[in-house]
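Each of the two complexes below includes chain A, the first together with chain B, the second together with chain C.
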Partner chain A sequence: MARIQLENISKAFGKVQALDGISLDVKDKEFFVLFGPAGAGKTTILNCIAGIVMPEEGVVKFDDQIMNLTDSAHRNVAMVFENYALYPQMTVYDNMASALRSKLYKADESVIKERIQWAAKIMKMENLLERLPSQLSNGQKQRVAMGRALVRNPNVFLMDEPLAHLDAKLRNSMRTELKEMQANLGSTCIYVTHDFMEAMALGDRIAIIKEGKIVQIGNGDAIYYMPCNEFTAQLMGDPEINLIEAEITGTGNPYSVQFRIKDEQIVLELPEDNGVYAKIRELGLKKIHVGIRPQNVKYSFEPKEGYFKASVYSYESIGNKSVIVADCGDVFHNQLRMIAPNGLNVAIDSDVYIHLQLDHAIFFDPESRKYIVRYDEAAYIALAAAQEER
Partner chain B sequence: MAGLTLNHVYKRYDNSGKKKKVKNDFAVKDLNLVCEQGEFVALLGPSGCGKTTTLRMVAGLEEITQGEIYIGDRLVNNLHPKDRNIGLAFEDYAMYPPLNVYGNVAFNLRAKKVDKAEIDRRVREIAPLMQIDDILDKMPVKLSGGQKQRVNIARAIIREPELLLMDEPLSHLDGKARQAMRTEIKRLINKIKCTTVYVTHDQLEAMSLADKIAIINFGVLQQFGTPAEVYDDPVNEFVASFIGEPPMNILETTIIKKDGMFFFTFKDSNLQIAVPRRYYSVVSDGFRCKMGVRPMDVMIGGENSHGTPEEIATFENLGDERRIGIHVGDILLMLITEDEKRYKRGDIVKLEVREEKTHLFDINTGDRIREKN
Partner chain C sequence: MHSRKQRGLNILMNVLLIIYAVFALFPLLWMVLISFKSDTEVFTTTFIFHPTLSNYREVLLRSDYLRYIIDSVIVSGGAVLVSIIVGVPAAYALARYNFPRKEELAFQILSYKFAPEILVVLPLFMIYQKLGLYDSYLGLIWVYQLISLPLLIWVVRGYFEDISVEIEYAAQVDGYSWYQIFFKMLVPLIKPGLVSSALLAFIFAWNCFTFPLILSSNKVYPVTVAIMKYLGTDSAHYGQLAVASTVSALPAMIFALCIQKHLVRGLSFGAVKG
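Let's look at the complex of A and B:
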């Protein structure tokens, strides 16, 4: 059980700056997620905490104690990897006991047994203890790998994409199980993933990592509703958020956004919102990027008031709902994504009429691509703060 | 006219040498399938279910133990693969590394000694379809996985085959590349209108691409129907739980009779769900079976709800939606909501189930129990 702090950690591999001034403060018993695309440096951060990689600059602290010079065996961290790393010739029980039987711990067999039974219960694998790894499914193997980490009662669990190996369905059900176990874990956990659903569902807080730097830290609601830039907004959500380049017109009484779709000029009035209007006025914005999530784009197959015309590029199920991608000419990077129910009779390349629910929009600066403001910002700040308190 | 017909097709791998008789040793067993001309059919099932074996028999790469396969109206059992007029695209790209993209795409036509100008015309026609027109000069090593698969598919369709066969063409690609490629395949097939058989273990891929899905388990066809049919009207527990994510909740239940009405009850749980009237002719007091209900058909009721009070075990905020897990006995019943409300573990909520959306399955065989007409 420990508070884990990183202060200004930097690390280069040859010419590649893997980490560039990373600072984190993970609270005791917090479930902290490092989230970002492949190659962002997430695993390197874990390795710095574990003592596998030595940072060139910066300090790693466990409970205010500097750990830089402590070797990894004595940091008492437990790692769980994507590829399980189980001993194939040992039963599940022996795999789980292996760390405690090592020279470092030499725990009593009765203590080992007690710990294993406790861990096996949490991981729901009491019936697997006598099996060999080859007799386990992939989901079970990962459960054993986690159980093995649990047995040691470590300062911190470091989990590196533990579910990435599993197929989509199993990954989702394992994630739900992990969520259930979380409450019984009672330990600090740092979890690396590139799956936004895992990040959202599991993380008390999430750090978004890009190119060795921290982009944003916050809880799921804060990051989802108030992403600090377009990069984060695009990462959080599937299908991806729509970003529309628009010009702001009007006097503030009201303001409108104006954009071109194919050869047509579309002008949409911005719904009144004190926060949004004040920001536009204050910054004297002329151009803006409007971010709208696919569930806030409505469609019709008949012409309708307040809807503009585009054509269907694709209509595909993504499980319990479908996505219509509309071809919108040059703007919107050609495409606009929207959520629709399954089972519609939609012909490819047919006409579709689109309505943007601008009162859910998130606005970004077209130059810096950074967050400016969103609708109902105060309400979402309150929502995120309420989550923080839990 | 049918594009592809499988008539009582069996496949047994002959392990000569090992004379041990294994029970149920058919890789494919009595498979009957009719794909209409221009139809996109997905063969879907878990690994080892026989879907790739089926595809390989159609392609002629595997002998047929018993039964007949027709492409169009030609019986192809004894035809060499090259004479079957099919296009193949597999998970591995298997490109010729010394040839550039153009050379790879043109290879089959060159081998058939097609006129040079004609080859050029066809390559130029297909390249924009697969969005490879700007990489025609590149060598395979310089291509990304997505680009390689585009070239691979272009190579399969340039021969203007009667039948296009694809075996997990997307499984090498990661998240976003995969989704983009899926869209491209769908648009492509829509345009060239070629009968296509597509093997996948990913139910989502099958649901989003196919006109019809053949769900196979242990070499036996379970159900053949449109995505909507297999989702809304599964023939058994296997299909019900294989299609959909999160999967359908399936719980063992004992039906009880109370005041002239039937209810589903569950071991170690207070939850009671009314049995839809249409099942009254097939159930009785004390009847044991399995009840299935999709996570979208389970809801949290409002303040005035008559639902059963239950404790939340898991709450997952996924941004676009939220998933809630509730213990019913030792099963975690999942539900999905787009409601903005935030819950936490331990909260008591009122659980409601859309009764009319429940399915009944036989407790032993898993077969669907249907109402009598």
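Let's look at the complex of A and C:
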């Protein structure tokens, strides 16, 4: 087990800058998640740590030891590849045993057998051991690839979307299993995903990657409640956060936000909050982007005090709840998303009345799109700090 | 109605195939028949004659025919061996690495097969004379690379391309060195392609006539050229000629039959889907 540090790693493939000055410090025994959209460079970071890809600049350190010139065989890392990379000519058992049969990590056959039985049990694939990879489904292959990594005792586990091809039920149980296992093994784990639920559930800390750069590093709560910019805010959370272009009016006693919904000027008073008011005054903010999570948008099908009118664009179920998308004006992409229970009788294009719980709002700068302030900031900083300690 | 039409088509197809098979195989059959005929009967009989083994005795026991066979084995086998040693790494490089003008190089290798042998053999003859490669095993093995190497490289390259590069990475991470990965992980995966293309290359080299005819004389005498010996200027021993041809065709036939399954599979799909 080791502490993994990357210092200012850059890597280009031809003209494409895959990584641009990546610096990470993954603590020993930490479960570290790399999260970002496709093509952000997450896999390349793993490859740099594994020694498969040589960074053009920067240093890779394991426990303060520079590893740049160590080949991947000697780095003692276990990696789960996104496309499984199973050896097609070997049975599942031999696949899993391969690392422990290599000269470097040699173990007794009896030890190997024990480890494989253990890993197979966790991965729920005891009955697959004699099969060839070509006889497995994608989900099963993925589990074998995981198992092949788990039988080892490496410096670090590198996992590249190891649950992506499992069916939903198995994925959930694996997620729980994985977290617990990692805690028990006391191993460092770097985990790549583009599923924010996975990132939130598994990661001690999460790094948001975009176009080869790190956008934000922090624990799940910090990133979810205090995203450093709109990109992160949009990435974390499903359905996506609502962003409204608004103007700040008023003298500070109180302040209001003003925006348009379908030719109608809406003026909403900002609830009193010392942090928010101080920031507005300090920066002399005029224009602002208001971010509101869908669960903080309330709806009604009858006109109500403090609700403004919009029309229903769509209503779809996402499992145990549904999302209403309303057609609006100044909102990004003209759409406002809100959470509703299942089974409502909602007609498309019918009127819906919306209330924004502004006391949960996050404010962003409309120019730089960076985080400015949010309601109850101090409480959320404390929450994030508490998660850090756990 | 439909099925009757289908059956009619089937019968027609089979009849046509049989006609083609007879057409294609008849020369072979004729060759075998002649090999059992005495010289006097070659021109006077067709299917009814007095079978004799005298031709076989004459060719196999009383001439240097076995030496010629051994020469052919050495030259063809050597050529294939060199092709494997040179071609597999070349195929790997062409499949895995990116370097300037890679496709042009690959195409150039393939283009060695395009030119008719007769076109290149005369300049080669003069070069070989100068280099002292004329009439030597090495010289023939070398020139046979024109036949066997492109075939092997192109087939094996396809196999390497089908192996996802992550398999190599995975093996690296598992603690294997490059050579171990190559022999333990990659060679088993390219084996079908390697075996079939090597055997095909062997057959091509075995059957090659123009190169040994011009580039060798007494010291190295592959069987294809040796057959000509039985065709003298004053007399033609067709019976012995037929024996020599029959025997020289045997290895190729045996190989082809043994690897028939691999041959079609190995050359048609390079499927190593993980």
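Simple rule for what comes next: the second predicted complex is superposed on the first by the 347 of 390 C-alpha atoms of A that agree within 3 Å, B and C clash if a C-alpha of one lies under 4 Å from a C-alpha of the other, contacts with A are read in each partner's own complex, and residues count from 1 in each chain.
Heads up, the rule we're going with is that contacts are C-beta pairs under 8 Å (C-beta built on N, C-alpha and C of every residue); 3 or more make two chains touch, one makes a residue touch a chain.
Because the structure is predicted, anything quoted here is derived from the model rather than measured.
K.L.:
Label the relationship between chain B and chain C on chain A in the superposed model as either fit or clash.
P.N.:
Pair status: fit.
K.L.:
Look at A:Y380 in the shared chain and tell me whether it touches chain B only, chain C only, both, or neither; answer first, second, both or neither.
P.N.:
neither
K.L.:
For A:S134, is the partner it touches chain B (first), chain C (second), both, or none of the two (neither)?
P.N.:
In the superposed model, A:S134 contacts chain C only, not chain B.
K.L.:
After superposition on the shared chain, which partner residues are touched by A:F81: those of chain B (first), chain C (second), both, or neither?
P.N.:
A:F81 sits against chain C, while chain B stays out of touch.
K.L.:
Please indicate which partner A:D238 is in contact with in the superposed arrangement: first for chain B, second for chain C, both, or neither.
P.N.:
A:D238 sits against chain B, while chain C stays out of touch.
K.L.:
Considering only touches as defined above, state whether A:Y313 meets chain B (first), chain C (second), both or neither.
P.N.:
The answer is first: A:Y313 touches chain B but not chain C.
K.L.:
For A:D71, decide between first (touching chain B), second (touching chain C), both and neither.
P.N.:
In the superposition, A:D71 contacts chain C only.
K.L.:
Comparing chain B against chain C, which has contacts with more of the residues in chain A?
P.N.:
Answer, by number of touched residues of chain A: B.
K.L.:
Give me, in Å and rounded to a whole number, the least C-alpha distance separating chain B from chain C in the superposition.
P.N.:
14
K.L.:
So in the complex, the part of chain A that touches chain C is made up of which residues?
P.N.:
Within the complex, chain A touches chain C at residues 47, 50-52, 71-79, 81, 83-89, 98-99, 102-105, 133-134, 141, 148.
K.L.:
Contact residues on chain A for chain B in the complex?
P.N.:
My answer: residues 167-169, 172-173, 175-177, 179-180, 183, 196-197, 200-202, 220-221, 224, 236-238, 293, 295, 313-314, 316-320, 322, 325, 342-343, 348, 383, 386-387, 390.
K.L.:
Give every residue of chain B touching chain A within the complex, in rising order.
P.N.:
Within the complex, chain B contacts chain A at residues 182-183, 186-187, 190, 201-204, 207-209, 227-228, 231, 244-247, 294-296, 313-320, 323, 325, 332, 334, 336, 338, 342, 344-345.
K.L.:
State the interface residues of chain C toward chain A in the complex, per the touch definition above.
P.N.:
That would be residues 164, 166-167, 169-177, 180, 185, 188-189, 272-274 of chain C.
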